[in-house]
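A quick write-up on the structure given underneath.
As written, the chains take the letters A, B, C and D, and residue 1 is the first residue of each chain.
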Amino acid sequence: MSSYVRARVNSIAIHTNDLKSLTLRLDYNLTVAPGQFVMVWLPDYEEIPISPSHSSHNYMRLTIKAVGETSRALINMNVGDELYIRGPYGRGFNLEREGKYLLIGGGYGAAPIIYAARRLTLMEREILYVEGVKMRGESLFYDEAKNIGIDAVLVTEDGSSGIKGMVTDYVANIIDDYDILLACGPEPMLDKLYLMALEHGIDAQLSYERIVKCGIGLCGSCVIEGTGLLVCMDGPVFTVEELRNSSYEVAEHA
Amino acid sequence: MPRLKINVAGLELSNPTVLASGILGDEASLLRRAAYSGFGAVTTKSFTIEPRKGYKTPIVAKVKAGLINAVGLTNPGYIAIKDIVKNAKVPGVPIVVSLAGSSVDEFHRMAVYADEAGADAVELNLSCPHVKKMGMEIGHDPIYVAKIVGDIKGSITKPLFIKIGLSDNYMDVVGRALDKGADGVTAINTVRGIAIDVYAKRPILSNIYGGLSGPAIHPIATRIIYEIYAEYRASIIGTGGVEDWRDAVEFILAGASAIGIGTSITIRGLGIAKEVVEGIKRYMDNEGFKKLEDMIGYVHKT
Amino acid sequence: MPRLKINVAGLELSNPTVLASGILGDEASLLRRAAYSGFGAVTTKSFTIEPRKGYKTPIVAKVKAGLINAVGLTNPGYIAIKDIVKNAKVPGVPIVVSLAGSSVDEFHRMAVYADEAGADAVELNLSCPHVKKMGMEIGHDPIYVAKIVGDIKGSITKPLFIKIGLSDNYMDVVGRALDKGADGVTAINTVRGIAIDVYAKRPILSNIYGGLSGPAIHPIATRIIYEIYAEYRASIIGTGGVEDWRDAVEFILAGASAIGIGTSITIRGLGIAKEVVEGIKRYMDNEGFKKLEDMIGYVHKT
Amino acid sequence: MSSYVRARVNSIAIHTNDLKSLTLRLDYNLTVAPGQFVMVWLPDYEEIPISPSHSSHNYMRLTIKAVGETSRALINMNVGDELYIRGPYGRGFNLEREGKYLLIGGGYGAAPIIYAARRLTLMEREILYVEGVKMRGESLFYDEAKNIGIDAVLVTEDGSSGIKGMVTDYVANIIDDYDILLACGPEPMLDKLYLMALEHGIDAQLSYERIVKCGIGLCGSCVIEGTGLLVCMDGPVFTVEELRNSSYEVAEHA
């Protein structure tokens, strides 16, 4: 575990009222691999885990959804405001595997996915970026993916833009065309993909969330119940085999 | 092959490493994982009567010589002990249940419950340095500690350990607790400290104060183990800054029968238990120690 | 250019670094060398009434997080203060004379003598953790400390510092000493510890026990500085594990007006004073602090 | 400062009743440069500074004169006995300077000098090894120097072997033929050489002794009085300039 690096908000992209991307400039370089996370401390508030949607040298982009006090305070920051970062922590996506990549982001889970998509594109891998949201206007990185020439599909639940339906239903139709699946998003989505990957025998890497307090494998708060796996050390990205071998059980929602 | 099996105050361990209390918390699958990874015993996080959410983050701060934490005794309340012990049990790896009460009565209730729930030993946390009215504030009062221990001792069947921290009067605390029938001593807990971020210009921990652990406290722990062994020849689980077999051997030579490991798990992972055990074995082979008992407190013999 | 001049309880320092007591001993040419190398003030090793040879070697042991020493208050006896102060004086660099007595009377005699001998300040070592009947054993008794301070205060003209260590009741000790007129507090001394060599299989120090210094004790010192400042707004020479400007700034933000440096001299040499001062300057520039006073205790303001 | 390395006595060379060389085998490599010193700890006794007379990988030779309890206990050790070493400490001789070297060892001060002589020989420098002792039979390394083909001179006070006289008188006659002078021995000898080097303007490196307790520049016990110089950190080898610039004053004996 490292000490904090100070960061300043350099620019802000407003996706929706509750969802913004902050581009930060750090006092020192701190590069995070796609899927890894950092601990973001806002003094007077708490420290929370975030998987950057981009990271390079002393620039870092955090895409944050306001769900509680700290995340709301973060998206309410102004350009020039200071926050504190420690990390990187955890294991990110393994991008070294050969094959066709299917990338799936749901909600703010699209953050590490777009970052992985950029990195895979640099590596000249064949990829499809799929983003699932409730409705038009909630999309985070679909346009960005398009703009940089990434094959991308938007799936909206209400059909207000792109393909209509649940992102998992869309994926079910195309999954057999791909070798590797990377996903981050709400747990029900991940669990469906988990079962789908097991069924189709596809190599999948899924980024799960739990309450991360220490980030360094000491406090146990981020355990995936019953598995003995820690999100902060063993994850946040897990392969389907790792989950299965640790007797992961999907909840009712899946 | 040197023998690493050891009986610590009635607790039979296949090797002397013990997962320290609070590390990895209370969840059964994590305790099981620790047990499978090679620890001789695992200790639960300290339970309290009521569930506790713990402190707001940040709950840990890195310093050069270790870590400062103020988790805040997060736990689901002592009623959960039963399920946890049941689900965490791994054959051959005893579970020590740690308890943090704020009165004689609380300690008593929890100890009896843990005993019945199948704990292999009960450890009284008398030394948490960052929670008010629990731990340290009680542990600094020898008379009160004696009362707690005396009150519990007849009511449980399993070995009873007291966990102490650094204070001016720990020798008195330990002496009285042993008199009242405590079977062993776990030493030491973390030492109160503060870390400040010079850029944020404030204490890092939401609780301001936290407990210093890791290499920083190893020489302090060595001293306390040494003193307790010299004076009382007690069974001691030596804890504090053990990162490798050498740190462990120092404790054993000073008088520890077993070795608690906490903070260094964040750097070395759970594999540290095996590494330490292998290192101790190699050392014993080289130095001609046939069994762990021969090493315990060796520095007092020369 | 930020201003690093600082008045610490009546002691005028051109910069906040202070050579900690005992480091480099008592010899005038060494104190002079320290003064020329950039320290804002230098502290002598603690003097006692009678000369002391100190302990047999080994007197130091390296541990991962610092050093353990038991020098044993080697010194030529307080009568030597006069010559040493005279010969060690470097213009603009005050000399703090440290004293270790074993009674009110001893402290009194030495303090008056040091005052007359030209000491710029007197520091009472109430916290040496490894010499019997001196230091710690006295420093743990608040009433006795108050008596010592009260007795000296009217009899000397220079600022009077008390040097404390880690104990359960240092807040009480400091409170009472300040009440009786102590001008400042030096915090902290070393923390009692033991190091064992696993091959020699015995404690390294001839005295067995020694004082732990270096990075290990920095978070403990930060806590004590923080608490004393929060409660008493005292003038504090923060000491313990300062290796670089960051460690120093932590102390200042916590409430220290000056920074004692000891152990890290063995790694960084005497040049550390200049390095720390330069680092603090850069930090003040970047963070917009105009003068040291604005930084002292800053964390208590937010 | 490092921790201790265990060493075992491998062989013992008896020079006189009070002076022996112990060849040690260390558990780990610990190489000491000529003129540097190690702290030698014999549990139950004290820890004392010694400048090895040879050092290579995990071998080390200590040449020790019994003057007190610990040094006597050391020379009374048997093959196989254990002792503990930490170091190396201090600054040794600078052997990088070009020119003709005059090496002077007095008493057990010959220890670091023979080690320096061996090293200089390997470096193919031109050297003369001069050893000064009271009488025949006290010589430590004169034969060793000869055996390995080093130009060597033995000076005995009583003339029982080699050249008769004080080693400093002998040196006075030849000093102008040399560029660099290295010496270790009793302080009166060193002080005479110091004055001689100043007078002749020769580059001299002299190894002084003081009571070394910590070895790491903390306790101040090894100060050369009045100079602010520490034997353990600034020395034990000092150049004539360093001494002069620190107002070194030779005692009456010189």
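One rule holds for everything that comes next: a residue touches a chain if its C-beta (ideal position, glycine included) is under 8 Å from a C-beta of that chain, and two chains touch if they have at least 3 such contacts.
Only a predicted model underlies this, so the values are computations on that prediction, with no experimental measurement involved.
K.L.:
From chain A, count the fewest steps through touching chains until chain D is reached.
P.N.:
3
K.L.:
Between chain A and chain B, tell me the centre distance in angstrom, where each centre is the average of that chain's C-alpha atoms.
P.N.:
Taking the average C-alpha coordinate of chain A and of chain B, the gap between them is 37 Å.
K.L.:
How many angstrom between the C-alpha centroids of chain C and chain B?
P.N.:
33
K.L.:
Roughly how far is chain A from chain C, centre to centre by C-alpha average, rounded to an integer in Å?
P.N.:
51
K.L.:
Listing for chain C: what residues touch at least two other chains?
P.N.:
Residues 199, 202, 302 of chain C touch two or more partner chains.
K.L.:
Which residues does chain A have that touch at least 2 chains other than itself?
P.N.:
43
K.L.:
Which of line, ring, star, complete or other matches the graph of chains that touch?
P.N.:
It is a line, because the chains touch in a row without closing up.
K.L.:
For this structure, enumerate the chain pairs that meet the touch criterion.
P.N.:
A-B, B-C, C-D
K.L.:
Can you check the complex and tell me which residues of chain A touch chain B?
P.N.:
1-4, 6, 27, 39, 41, 43, 46-48, 82, 84, 86, 213-221, 223, 225-228, 230, 233
K.L.:
Along chain C, where are the residues that touch chain D in the complex?
P.N.:
Interface residues on chain C, with respect to chain D: 22-30, 32-33, 45, 54, 56-60, 62, 67, 69, 71, 74, 197, 199-200, 202, 204, 206, 262-263, 265-266, 269.
K.L.:
Over in the complex, which chain C residues touch chain B? Could you list them?
P.N.:
For this pair, the touching residues of chain C are 63-66, 68, 140, 166-169, 191-196, 198-199, 201-203, 208-209, 212, 214-220, 222-223, 226, 241, 243, 246, 249-250, 253-254, 283, 287, 298-299, 302.
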